[in-house]
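Chains: A, B, C, D and E, in written order; residue numbering restarts at 1 for each.
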Amino acid sequence: MSNALLKVTGLKKAYGAIQAVGGVSFEVMPGEIFGVIGPNGSGKTTMFNSVLGQITPDAGTIELKGQNITGLSPLELSRRGVGRTFQTLQVFGKMTVRDNLIVAAQEHHGSMWSRMFAPGDSGLGDKADALIDQFRIRHVADSLAGTLSYGQQKLVDIAMAFMAEPDLVLLDEPCAGVNPSLVGGISSLLKELNKTRKGSFVVIEHNMDFVMDLCHRIMVMVEGKVMAIGTPAEIRANKQVLDAYLGN
Amino acid sequence: QEVIKIANIVELSGGGASAGTNFKNGVELAVKEINAAGGILGKKIQTTTNDTQSNPGVAKGLTQKAIDNDVFAIFGPVFSGSIMVSMAESRRAEVPNFTGGEAAGITEQGNPYVFRTSFTQASAMPKVARYISEQAKLKTIAIIYVNNDFGKGGLDALKKALANSPTKVVAEVSTDSGQVDFSAAVLKAKQSNADGVFAYSNEEESARILRELKKQGWTKPIIGETTLTGQKVIELAGDAANGAIAHVGLTVDAPQPAIRAFRAKFEKEYKYVSDHNGMKGYSGIYILKAAIEKTGKLDRKAVAATLHTLKVKAADQPGVLMDVSFDAKGDLDRESFMIEVKNGKQEVVSILPALGAGAAPAAAAAKK
Amino acid sequence: MADDICIEFDDVVAGYKDFMILNNLSFKVRRGSITLLLGPNGAGKSTVLKTLFGLLKPRQGRILLNGENIAGASQKELLAKGIAFVPQGRNLFGQLTVFQNLELGGITLGTKITHERIPEVLEFFPRVKERLHSQASALSGGEQKQLEVGRALLLRPKVLLIDEPSIGLSPLVVQDVFKLLQKLAAQGTTVLMVEQNVKSALKMADDAIALESGQLVLHKKASELLADPNIERLFLGGGHVPGAAGGSVASALL
Amino acid sequence: MTDFLQLLFSGLATGAIYALAALGFTLLWQASGTINFAQGEFVMLPAFMMLGFMSLGAPMLVSFVLTVLLAILVLGWVFKRGVVDPLFKYGMMPIVVATIGLSIFMRNGVRAGYSAEAHPFPSLFADKLFNIAGVTVTLQDIGTFVLAMAIVMGTQAFLAKTVTGRAMQAVAQNTESASVLGINVPRMIFYTFAINAVLAVAAALLVTPTYLAKFDMGEGLGNKAFFAAIIGGFNNSRGALVGGLLVGVCENLAAAYISPAYKDAVALVIFMVVILFKPQGLLGKKEERKV
Amino acid sequence: MNAIFNNKFATLFTVLGALLVLVAPQYLKNYGIYLLTYWLIFIIATMGLNLTIGYAGQKSLGHAAFFGIGAYTVAIMMKAGISFWLGLPAAALLCFAIGLILGFPALRVQTIYLAFATLGFNTAVWLVMRNEEWLTGGTFGINNIARPVIFGYSLEANRPYYYFVLAVTLVLAGLLWGLLRSPWGKAFKALRDNPIRAESLGVDIRNYTLLSFAIGAVYAGVAGALFASLVQFIEPAPFAVGASIMMYLMVVVGGAGYFLGPVIGAAVGVVLPEWLRDVPGVANWYLPLFGAAVVLLMIWLPDGLLSIPDRIKAKRAARAASAARTAAASRIGASS
C-alpha cells in the first residue's frame, strides 16, 4: 500500500467543541478517481482544506507520493501538482474569463523572472480557448468573471483547476449548480483525463448519479469520521450509508 | 508701471492658517489705506493673495508665479520653513521679499532681498534670557517647547542666550503642534523642580499649557515669548493666563498711539483683534512704502539697497507702528515689551529699548 | 382558469444595465402549483426570479401577481404580499449568529411571531438547530443553505421563489426539502423553483418552464416532460461529451 | 506614584475624548461597512453650529438640541443622499476618497467662510477642580469620561441587542440579502448616519472645550480616533472605548517616562503589535471563514 | 489593459498628451514649468501606488513614507558630497528594501487592516524624520539641495530639469507598462481579486505581495529624490500621513488599476487646486472647491476618471451581447 498517491492518516480538526474532522484516514491510488460523500456538515470540506494547506489540522499526517506534505502551503501543493476547486465560488471577479484561465496555469511556466519577459498570455491562449469551448462559455469568454451566472462561474472554477494539468485534483462539489448536460461533460472529462494522463481525482459530490458512475472508490464521511470506503456497488449496498446519507 | 503689484504669499490653510490669515489681513488693511491716500509715488498698490497650504514646496512655486507676474515685492510666507525655500526664488529674480518668519537662519544666508517684519529668535531670546536671569532671578528653568522649526529654533536660541548666565535649563520638554493633553509635559516640568517654566508653542497649545499648569497647581513664574500672552491665548485660557509674563516684539496692547489706532482700525475692518502677525503684515507694507519713497523711484534693486540702511520713525510714518531700523542682513530692530497678563488683560510691564539704542535697561515701567 | 393564475410575466424585458437578459418573456404560473424553471447555465433563470422580486427593474412589460402589476414594487411590499425569495449562492450575514440570521428573516413579522416560529422551522433542519449560536459563516455549505431555506419558510409565504435549493444539500435533505415544498403547495403556496437537479425535481413538480438565452422554449406539465423521450437530449446531455466545437476536453488539454 | 496616577487620570480623560470620536468609526464600519475620513470634521462642524446658536443667544442645551437636528439633516440625511447612496454599491475605495474630499471641503469651507481662528467653547461642566490624594482632576474630565462611557455602551448595546441594530449590521454585511429579507436598506443606512451625526454632536459638546473650536480640530482628533478604533477593534463599539483609553493613557505615560518626542511612537508600537497579532483589534470579532 | 491602446480615441488622446508635455514648457514661465514638474513627480509616485493598490489590491496608506525616504536619501547623500547620480539609485534601492519589509504585514493582514498597518509605518517614518535632527535636520529640514548636472550640463534651471523629469517619467512608465502586460500583470490582478484562489493555482502571493510593495516603493523613492531636488528643500511635513492619503486619493480619482490613471489623478491632485486659485472670485475658496470637486468626481465616476472609456466600451459590449442573445433566442424560438 506504500505506493499510494495521497495518503491521509488520522486527520483531525476541531472548532471548539465541534469535531469537524475526527480522525480520518484513507489512501488514493495513482490513477484513481476517489469519491467523498457524506451528509451536510460531516467534515468533507474541512478535510479537503486540511489536506490542501488551507487550514492547519490538529493532528494527522498527509503524504503525497510518499512525501510528508502535512502543513505545506496551498502554493507548495500547487507546485507539486495538486489542483483544486472550492465549494464556494472562487473566481477572479474583475478579470475576464479568458484571463482567469490563463492565470490559472501561467505560474507553472518558467521562473518568476523569466515570466517578467514572457508574452502576456504565456502561450496559454489556445489551451484556454479550448477549455472555454468545451465548457460552453465562449460567449462570455471576454466578460468579467464576476458578472457570470452561478453555474458559469462554477464552470470557470473547474476549468481553472485543469489548466495547469495537475496530477491530482481535489474537487469540492463540482456539479452543484451545473446544468445536467454539462455534468455529463465534466464526468467525461475526468474519465478521459484519468485514462489518457493517469490523472487522479478526489471528488466531493452530493450528486449520486455522478459519483456512482464516475468513482472507482468512494469514502463515506459521517460526523467527521469515515463510515465506509468501498466501490460504488459496495457503498450502494451499505445499509448504514443508506440510512445516514442516501435515503430510500 | 501703472500699479505697484505686490504678491501676498501666506499660509491660509494648514498649520499656519491663523498666522497667515492675520498677516494677510494686515497687509490688505495697509494697502487699502495707502491706496485711499493716493498710493505710493502716486501709484496704487495692487495685491494678489495666494495660499501656501503651509507647504514649502507650494510656497516656492507661488513665489515663482509671483515673479512670472512681475510683482514689485513679495510678502510672506510667514512660516520660517517656507521662506527659507521660497526666498531663493525672490533672490534670483531680485525682488524684495518681506517675511514674518522668526528663525535666525533666514537672514544668515546673505540674501540681500529678504527683510523681516519682526524680531528674530536670535534677537528676542537674549532679551528673554536677560529677563529670566537678571530680573526674575531664576536659578533653574524648565522649557516646554513645540517640536517644529519654530519651537526648536526658539529653544536653541534661548539655550544659547542662557549659556553664559547663572540660570540653568533643567528640563527640555518636547510637545507636538496640535497636542491636547499637556499633563505629562507639565508634570515633567514640575518634576524638574525648576524655579520657573518657559513655555514656547503656538497660541492654542499655549492656552492648553497654561490651563494644565493651573490645574496642576503651578505657582512659580511662567515666562514666554509673544505667543504666550497673545489676545487669543488669554481668550482661550481664561483665568489660567493670569500671571504669565512674556517678551513681545509687537502687541496691539502697547501704549503707542500708532498701535492703538491700528488696533481700532483692524478690529473695525475684520471684527476681531489682530495678533502680532497682523501687525507684521501691516507695518511691513508701510516699511516698503517708506523705502520706496526714500528711494524715489520704483526700482527693486535700489529699494532693497535703501532698506538695508533704512530707519523709519513712527512719528513720520505712523503705519510702521514703532520706530524701526534695518541692518545689512535684513534684520530689523525696534523697541519691545515685557507683558504680563493681569485680570485677563495684557499689561506692559516694561518697554525694552531697541538693541541698537544701547543696552541701558529700561527702568521705567510704562503703564497703560 | 384565469383566476387560477398566480404569477404572470407579460412581455418582460430585463437585464443588467445595458445587457438585456430576458427578451419579451411571457409565461404564467398557476396558483398552488410547483413550477420548475429549467435551462442551461446562463439562460436567465436567476434573472427571472430577481426581476420578479424587484431586484432588477424590468425595462418593459408587466409582472402580475394575482392580476396586479408588481413591477417596480419594493421588496418590503412584495414580502407584505406574501412573496418570499431564496436566492442562489450565499446570502447569509456571516458575522451574525445562526439565530440572529433567523431573527432577521422574520424582521417583517415582528419579534414576537418570529420567536414563536423559529423553533418550528428548526425542527426541519436539525443540523442548523445544533449550531444555533455559531457564527453563520462557520457553517458548512449545506448547513448554510438549509438555514437560508428555513429563513424563508419562517415567513409562511403564499408565493415562494427559490433558486436551486439543492445546491450543496445532501440527497436526504434534498428529499426532505422537496417533500416540504410539496406539502406547502398542497396548502396553497405557489412555488416557483429553479433546479438543475432535473430528474428528481420533475418528479415533485407540477409544471415545467424551460428557458434558453432568456427565451421561453417550453412550458409543459412536469409529468409529460418526464415521460418525453427527448428529455435526455434536452436537459441531461444524454451522457455524451458536450461541446459545440467537437473533440473532447481532454484532447484540448493534451 | 502620585505622578503616575496623575498621568493615568489625565490620560483617561483624554482617552475618553478619543473614544467618543472613535465610536463614529466603529459604528459606520459595523453598520455600513464604510470608513468616513471626514469623521473629525463631523465633530468640528457641530461645534461651530453650537457656537453659532449660542452666539444668537440660545442657551447651551437649546443649542445642543438645535444642532442635533441640524446635524441629522446635514451630516445624516444630506451626507447619505449625496455621498453614500450613489457610492454604496461600489465598495470602500470611492467612499473613502469621497470622504477625504469632503473633509477638505468642510475643513477649508469653515476656514474660508467663517474663521481661521480657534474659538473657546463653554464646558458643560462647572470649572471645578478635585484634588484626590495629590491628583488633580477637573469636573470636565470626570464628566467627559462618564458620559463617553455611557454613550459607547449605549451604542454597543443598541447594535448588538436590538433587532434594528442587527438589521443595520446586516445591511453592511450583505446589502442584497438584507433587502431580500425586507430590511429597509435605505432606512437602515439613514439610521446609521443619523446616529453617527448625533454621536458627532455629542462628541463635539464634550470635546470642544478642550480641543477648541477650530477649522482644523478634526484633523488631529480624527487621526487619534482612527488609531484608537483600530487598536480597540473596528467591528466592536466597546473597542473604541478600550482603544481610546489605551491610546490616551499610553501617550501620557510614554511622554513622561520614555520620550516626549516619541510619545506617538509608543501608541504606534502598540498599534503595530495589535495589527500583526490580532488584526481585528483587541475586542474585534474574527473575520469570517472564507473557504 | 491593452484596451486603452486599442482604442483609437485613446491613442489620439495619448499622442496629443505627449505633444503637449513636450512642447508646452516652451511657452510656459517658471511657475508653469515648476507646476508641470511637480505633476510629473506625482505621476511617478502614484504610478507606483497604482501598482500596489490598483493592480495588486494591497490597501496602502503609507506611500508618502517612501516618497520621503527617497527624498531624504538623496538630500542627505548630496549634503555629504555624494553625487545625485549615486543618490538616485541608492534611494531606489533603499526604498525597494524597505518596501519589501513593509510587505510583510500585508502577508498577515489584508484590506482595511493593512491600510492601518501601512499608516502606522508612515507615522513611524515621519517621527524619525522629525526627531533625528543629526540625520535629517529635524523640523528645520535640509535646505539648498542642488539640482543635478548631467554630462556637464546643469539642470539647475526649471526647463532643463523639467525635461529631465519627463524623461525619467517616460522610462519608468515604459518599464511598468512592460511589467504589467507580462504575466506579472495578471498575477498581480489575481492577487487583488482573490488571493486564496490565486495561491491554490500556484501564484506565489507572498512574492507578488512583497514585490508590489517594493516596486511601488521604488517609484515613490525615485519620485521623492526628484522632488527633493525640485523644491531644493525638504522637511518632514510633505511626507506625513496626509500626503499618503492624498496620493491614495489621486490613484482612485484617476482610476485605480488603469495604467494612465495616475496621469489624470496627479493632475487632479496637483494641477486642479492650482488652477482653481485663478478662477476669478473664488480665490479664498479654492480648497473647499477642490474638496467638493473630488466628492463630485467620485459620485460621477466611482471607478475613476479613466473608467470613462471602459464605460463606453462596456456599454457597447453589453449592447452587442444583448443583440447576440436576442439573435440566439430567435433561432431557438424558430426551432421549437
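Throughout what follows, a residue touches a chain if its C-beta (ideal position, glycine included) is under 8 Å from a C-beta of that chain, and two chains touch if they have at least 3 such contacts.
For clarity, every value in this text was computed on a predicted model and none was experimentally measured.
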Report task. Could you tell me the least number of steps, going only between chains that touch, from subunit D to subunit E? Result -> 1
Query - Greatest separation from subunit E - chain, by CA centre - result: C
Report summary line: A student comparing A-C to A-E should find more C-beta pairs in contact for A-C
Report task. Considering only mean CA positions as chain centres, point out the chain farthest from subunit A. Result -> B
Query raised in the report: Using mean CA coordinates as chain centres, what's the subunit B-subunit E distance in Å?
Result: 39
Query - Inter-centroid spacing, subunit D versus subunit B (mean Cα positions, whole Å) - result: 36
Requested in this report: Could you grab the centroid distance between subunit B and subunit C? Build each centroid from C-alpha atoms only and quote it in angstrom.
Outcome: 76
Requested in this report: For subunit C and subunit E, let me know how many angstrom lie between their CA-based centres, rounded off.
Outcome: 47
Query raised in the report: Mind pulling the subunit A residues that touch 2 or more other chains?
Result: 45, 54, 86-88, 90
**Report entry** Multi-chain contact residues (two or more partners), subunit C
**Finding:** 16, 138
Query raised in the report: Out of subunit E, which residues touch more than one other chain, so two or more?
Result: 130-131, 196, 284, 287, 321
Query raised in the report: Quick one: in the complex, what on subunit C touches subunit E?
Result: 15-21, 23, 212-215, 217-218
Query raised in the report: Which of the residues in subunit E end up touching subunit C in this complex?
Result: 314-315, 318-319, 321-322, 325-326, 328-330, 332-333, 336
Report summary line: In the complex, subunit D touches subunit C at residues 163, 166-167, 169-170, 173-174, 176-184, 235, 285, 288-289
Requested in this report: Please give the residue numbers of subunit B that touch subunit E in the complex, ascending.
Outcome: 12-13, 49-51, 53-57, 60-62, 64-65, 67-68, 81, 84-85, 88-89, 103, 105, 147-149, 151-153
Query raised in the report: Which of the residues in subunit E come into contact with subunit D in the complex?
Result: 105, 108-109, 111-113, 116-117, 119-120, 123-124, 127, 130-131, 196, 241-242, 245-246, 248-249, 252-253, 256, 284-285, 287-288, 290-295, 297-299, 302-303
